[in-house]
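Across the two complexes that follow, chain A remains constant while its partner is chain B and subsequently chain C.
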Partner chain A sequence: ARRKDDDKQPPKMSTPTTFWRLAGMSYMQYVNRAASCVTKALKEPAKSKALARSDFSYNASVWEAGTQGTKTNVTTFSAAGK
Partner chain B sequence: MATTMRIAAQRASSRALAQMVQSRGMATEKQIFNQIQSTKNISKITASMKMVSAAKLKGDENRLATAKPFNLWAQSITGEPKVVEDADFSELPQKTLVVPLTSDKGLCGGINTFITRSVKEIVKKTSEEGKTVDIVVVGDKGRGQMRRQFGEKILVSATEVQAPGSYALTSTLASEIMSVAGDYDAICIVYNSFVNAAVYKQVYKVVTPFVTEGEGESLISYEFEPSTKSEILNDLGEYLLSSEIYEAWMDGAAAEQSSRMTAMENASKNAGEMIESLTLQYNRARQARITTELIEIISGASALEG
Partner chain C sequence: VELVTHNMYERRRLACRMPMQKWMINVRVCIYISMLVYMYVHCSLSPVSPVSLVHRLIVIHTAVAVAQAALHLTTQNRMMMLSRSVLSASSRRLAVKAFMSTEAGAAGTMTLNFNLPHESVYSGAQVKQVIVPGAEGEFGVTADHVPLVAQLKAGVLQIIHEEGSEPEKYFVPGGFSLTHENSTTDISCPNAVKLDDIDSAAVTSGFEAAKAAYASAEAGSVAQAEAQIDIDVNRALGNAIGLSLV
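Showing the complex of A and B:
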């Protein structure tokens, strides 16, 4: 399995112009953060209910040649893909 | 006094003989009674599980109803999901990443087996055409079934996903997939699609990354502003995969609940039938016992007279 294949980079773009790329976020990361900002504008109790709706967790594990590796619990966006 | 004791002794020995005969082959009355009790408990559990599933299905159907229009724009790019049955998968490119969506919990009927079978079909048909396939499996049941058949094809597995899903979950799953999807030509999502409370079918959709320049350039009839097209297509590609997985996830969740509801209903029905036939057996055993006791008493009494 390959996670971060440093020897095979995706086609290099010119210097990014969008601010989220410049900040090092992917588009999905940016969109989810923007959505949670909008959710935080709600008043209680709707706010905590809505924020709780987007909680998630799962266990990811990388497989090498048919054997499962160690499981890592993923609860935040930045923990995915490690 | 002596006669009573003799009768009691005779009765005891005949009962012991009768019990010996019974324990050899047929179930005794007590055993059948225990079976009936445990089957009744099971049928109570399955009936309550069915009601819980029916309630959860309502929520999942609502979530699916909101997810579908959310994803319509993506369907105009990748096309509608195609049915797996009798598909030849010829449109899959040379290197495909297959993402089957399965469940973590059991007692859900055949949904996970059907998905594993669909993945097996894909692997078979693509290898016939010399193409390669790797797998990112989501769901514990799928992982267990696929590790036996395609263990060396699995790259990543995501298990114990907290239900219900949300857009945050599916966009994280999408980024999980994209971290390994660098050198693949397409991503094929395989999942169960909810038709109605009794029917679901296996479908798949193929998500190909956008081509930013050269031949086959995507979205060529549109002008892009303000950033460069390649940047926007990168972002749009992420969003496309996220959106497709979101709809597939909601669809799969609704299908899982409907399948579980049907399975539990069938289990309750079968348990009810079992209880009926066992009760008949129990009554027969009980009557046989009473008859045996009567015979003992009567033969004991006639032995006294004679």
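Showing the complex of A and C:
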């Protein structure tokens, strides 16, 4: 489900702080980016095991006026939230 | 706290923290009053001239002042100094006790809880030392370490299980290390990989790609920040496996 304030970005900071805060990233985004960088640098079979951990899949549908719309299967981040 | 009193005596009494000091003031006042009474009685009982009376008054007042001063210097000040040093020493001891951890495990070991979101690597393990890659610098934690919260940077976490044994190494991209008062350390990371699982070719190519992305990204954008993260983490990965990426 989407919330009303999903489109609002976190405030961009200008006071002395880390470069990722200045760019508008949160700590979670920073540390998850670093973790995915480590995963990309792994050898097989550790790499496929690590990539399998971040696999996901769910069925999404939009409700309007009390009726459920069509269900779509979401498996990638780019398709999520639409 | 405002002392709403105009009586100097009352103010002096209230300013004294220890009850002994208050008693001392009463004693001084009693001595003063008794001296005055003695002087009055002595003078009224014996027939003397006004000059000698004045002389006697001055002598007795001076004696009283000297006695007051002596009492003040010897008892009050020393007591006040004593109480101040006692208070500071006890408060210092309390502060030291609060910050020093005292419950070391058997033979000076510490408890380690090393957790990832998908796996608990160590839970309650008794280890000798943990070397943590803190964001402000690398540091080691042993038994009885001062409580500490540290953000981690991308680097190698080393766990020394026994005195003199080879450290067990994990590469972590980040996370937090919390050392508690009872010689327990909690380390939480999003991921931890063994150094043998790191592919040096992938690290080098990732580093070069990140440098190119950084150069082509807009200044201050999220893309540039992400490229910077990739550069930092790949450089740390290279350092962990013996490459020196520039």
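The rule we apply is simple: the second predicted complex is superposed on the first by the 47 of 82 C-alpha atoms of A that agree within 3 Å, B and C clash if a C-alpha of one lies under 4 Å from a C-alpha of the other, contacts with A are read in each partner's own complex, and residues count from 1 in each chain.
Methods note: contacts are C-beta pairs under 8 Å (C-beta built on N, C-alpha and C of every residue); 3 or more make two chains touch, one makes a residue touch a chain.
Note that this is a predicted model, so its numbers are computed, not measured.
Residue contacts after overlaying the shared chain place A:55 against chain B, while chain C stays out of touching range.
When the two complexes are overlaid on their common chain A, residue A:33 makes contact with chain C while staying clear of chain B.
Touched residues of chain A, counted separately for chain B and chain C, are more numerous for B. In the superposed pair of complexes, A:68 makes contact with chain B only, with no contact to chain C.
Within the superposed three-chain model, A:77 lies in touch with chain B and out of touch with chain C [touch as defined at top].
Taken together, the two structures place residues 31-32, 35, 53 of chain A in contact with chain B in one case and with chain C in the other.
Here chain A touches chain B in the complex through residues 1-5, 8, 10-11, 13-14, 16-18, 21, 26-29, 31-32, 35, 53-63, 65-68, 71, 74, 77, 80-81, going by the rule given at the top. By the touch rule above, chain C contacts chain A in their complex via residues 118, 154, 171, 173-175, 190-191, 193-194, 197-199, 202-203, 206, 220-222, 224-226, 228-230, 232-234, 237.
Those residues of chain B whose C-beta lies close enough to touch chain A in the complex are 143, 147, 151-152, 154-162, 165-169, 171-176, 178-180, 182-183, 212, 226-228, 230-231, 234-235, 238-239, 242. Taken together, the chain A residues at the contact with chain C in this complex read 19-20, 22-25, 30-35, 37-43, 46-47, 50, 53.
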